Amino acid sequence: MFANFDFDVIRRSLGYLFFDGMTFTLMLTSLSAFGGLVFGTLIALMRLSSLRLLGRIAGLYVDLIRSLPLVLVIFWFYFLVPYIGQWVTGSSRPIHVGAFTSSLVTFIMFEAAYFSEIMRAGIQSISKGQPAAAQALGLTYSQTMRYVVLPQAFHNMLPVLLTQTIVLFQDTSLVYVVSIPDFLGAASKVAQRDGRLVEMYLFAAMVYFVISCIASFGVRRLQTRIAFVH
Amino acid sequence: MNYHWNWHIFLEPGPDGSGSYLGLLLSGLVVTIETALCAWIIALVLGSIVGVLRTLPSKTASWIGFAYVEFFRNMPLLVQLFLWFFVLPELLPPSWGLWMKQMSHAPFYTAAIGIGLFMSARVAEQLRAGIGSLPRGQMLAATALGLTTVQAYRYVLLPMAFRIIMPPLTSEFLNTIKNTSVAITIGLVELTGEARSMQEFSFQVFEAFTGATVLYLLINILVVTAMRLLERGLAVPGYITGK
Amino acid sequence: MKTLRKIGLVFGVGLAAAFCAGQANAEELTGTLKNIKETGAITLGFRDSSIPFSYLDDNQKPIGFAMDICYKIVDAVKKELKLDKLEVKLNPVTSSTRIPLLANGTIDLECGSTTNNSDRQKQIAFTNTHFLTASRFVSKKSSKINSIDDLKGKSVVSTSGTTNIKQLTEANAARNLNVNIIAAKDHAEAFLMVETDRAVAFVMDDILLASLVAGSKEPSAYAISTDAFSKPEPYGIMLRKDDPAFKKVVDGATAALYQSPDGLKLYDKWFMQKIPPKGLNLNTPIGPELKHEFAKPSDSPDPDSYKAM
């Protein structure tokens, strides 16, 4: 059945696929996960803050982003980020933003909405007595969050955060829609140039599958370890 | 911001001669909803079967369920759609492949089935969690009453489990609607796709995407409201389902 | 407001010209030139598969006729701004993203196969025309499709965001063809739809069709239609609108290139000789209209203005 397929095309393009494509994908995944976690935690704190307005704004942002398909968000940001940059820096024209930076901003802003929901659940899972005790000890709000609440919330939520990161890793493939060469984009460029769709897409599917499988296996082991410690 | 806004663009005629740009977006919305509904039916049916398989005492059954879920969960949806759309017809006997490729509305069918399978793995996981959350006594009581396994699932476990997982299922349905936009990569012209063509034809980028954004928000609000009502109607008295 | 700004711009440019007589000083620079001077970089937008204008070679580097022209423009910009070093950044674009990405500053020049028409000139500007091509379609000879009317009721693919898909959509409505139009992301993807029998035809500029056919596994299996959806239309390199200082440099560079023997030599390199990555030769001699245009460069969007003398 594979007689007229040419799997050698994969070997010939391995360098491009991994050095360019996979590097882009992994860089984008890890930086977006980190940025998404930082912003997500801030949004979660805003939502839980006693300032109503702050909570409202954060809630609206999360609901808005979570209602939109990622593909639409990618289009939005790819075209909008330079204007946002112009507005932030007060420059007279839209600032230049490269493909990588633009996708990074997109994924950080998108993932922040999802990470914030996870962190919110994590913060809420910590018994009320702890922040109360911390405050009784004279810790300020930021000290309470920094030293007492957030580390525990993060620790409890680590498996969920990592699972979301695996989803993020898969979602980065959607930058394909604006022709940014991530791993899948690289595979499809080779596939279309050489007319080897079957070989390249099967290979890409396998690579994503193996990486995600290993990662989710790791998360599962971590989960049982965390459960055991408690 | 040196961008020329033109909100009247929605009422201007599009290039297809059939109506305005607003009409273009609305026709995309219809495709989005149709695709999402078909995919959701597939996801619910297959997801229920696989979810039940995972909770059965049989090792083989639960392993099959596990393999199914892992297969569909560990590949990006985009890659899965490419596999169904570009790869599968080439692996089949040529006449079948040709039939698949020349079928009218091939992107629609591929999207509905591909997204349906992708989402079925998630539905299965939710259902497994739902069944798992039921007290073990329920199954034991059902068996003690003389119900067969099939009867126990049909009359005792599933009716309870589905009520419990209503809220997560609502969000999975919303995910299904959002995921239809991935199908623009295989040529399905749904809401995001129509917004993109409106951008290309009219050059009004941000108006086009704002239009699509508003429509997505509307469907979201609609679905969430409808599901809340449904949840309330199905709630079991004395059992905590949602707040 | 817009006219006011325009008057201001004209006035400003006039002043700048009067006071420094063409001297490029950072203070007086405006628009793209100012940006390039400040950042020391210029960004070129390239295409994945617009052979031979702008496409990826074996090392996934963009090359092509339009890319070479852009590098000449970059040289001219460097000279104009008296820079020792000018970094060239490359950003991939598709037919769908090229205009918004140019407008939002992601790219400074789009080096590809973009049809220059008056609709687009309302959004962006074009420099002198580098090619003329008509919109046709390619189909497999075995499917026996000879005219536009034969497309009735069939699936036809085109690239999203092109003038071609717009012409096809309009013809579909006007002539009641009932064609199922598929929008592909790029030309290679669209051609694959025909190669794998997903669509019976691909509507595109004939030169791009010819190069896709030539590079395919079985070139003799395809035929390009004689029926055309449009007259031969001009291709131009895009730049932002309302940026006269930058346009002047770009127009000057392209005009100088086309009028010199180098222009024809460059044409020869991409259309009459073997080109990478597969070493195919498109064997497309320069037409009399384009030859005339090279002698008298023009950025007119009007197909009728391109006449052989």
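Just a few scattered comments:
The first chain written gets the first letter, and so on, giving A, B and C; residue counts start at 1 in each chain.
Note that a contact is a pair of C-beta atoms (placed from the backbone, for glycine too) under 8 Å apart; a residue touches a chain by one contact, two chains touch by 3 or more.
None of the values given here were measured: they were computed from a predicted structure.
Of all chains shown, the one whose average CA position lies nearest the global CA mean is A. Two chains share more touching C-beta pairs than any other pair, namely A-B.
Of all chains, the one whose Cα centroid sits at the greatest distance from that of chain A is C. Rounded to a whole number, the gap between the C-alpha centres of chain A and chain C is 35 angstrom.
Averaged C-alpha coordinates give centres for chain A and chain B that are 21 Å from one another. Work out the mean CA point of chain B and of chain C, and you get 40 Å between them.
Multi-chain contact residues, meaning those touching two or more other chains, occur in chain B at positions 3, 86, 90, 185, 196, 199, 205. Chain contacts: chain A has residues 79-80, 83, 86, 93-94, 177, 197 touching two or more partner chains. Multi-chain contact residues of chain C (touching two or more other chains) are listed as 100, 103, 185, 196.
Residue ranges on chain B touching chain A, taken from their complex, read 1-3, 70-71, 73-80, 82-83, 86-87, 90-91, 174, 177-182, 184-185, 192, 195-196, 199, 205-206, 209, 212-213, 216-217, 220. Across the complex, chain C is touched by residues 3, 15-18, 86, 89-90, 98, 101-102, 104-107, 185, 187, 189, 193, 196-197, 199-201, 203, 205 of chain B. In the complex of the two chains, the chain A residues touching chain B come out as 1, 64, 67-72, 75-76, 79-80, 83, 86-87, 93-94, 170-171, 173-174, 176-177, 184, 188, 197-198, 201-202, 204-205, 208-209, 212-213, 216.
Residues 31, 35, 39, 41, 43, 48-49, 56, 59-60, 89, 91-94, 97, 100-101, 103-106, 185-186, 188-189, 192, 195-196, 216-217, 277 of chain C are the ones that touch chain A when the two sit in their complex. The residues of chain C lying in touch with chain B in their complex are 95-96, 99-100, 103, 120, 122-123, 155, 157, 160-161, 165-166, 169-170, 172-174, 180, 182-185, 193, 196-198.
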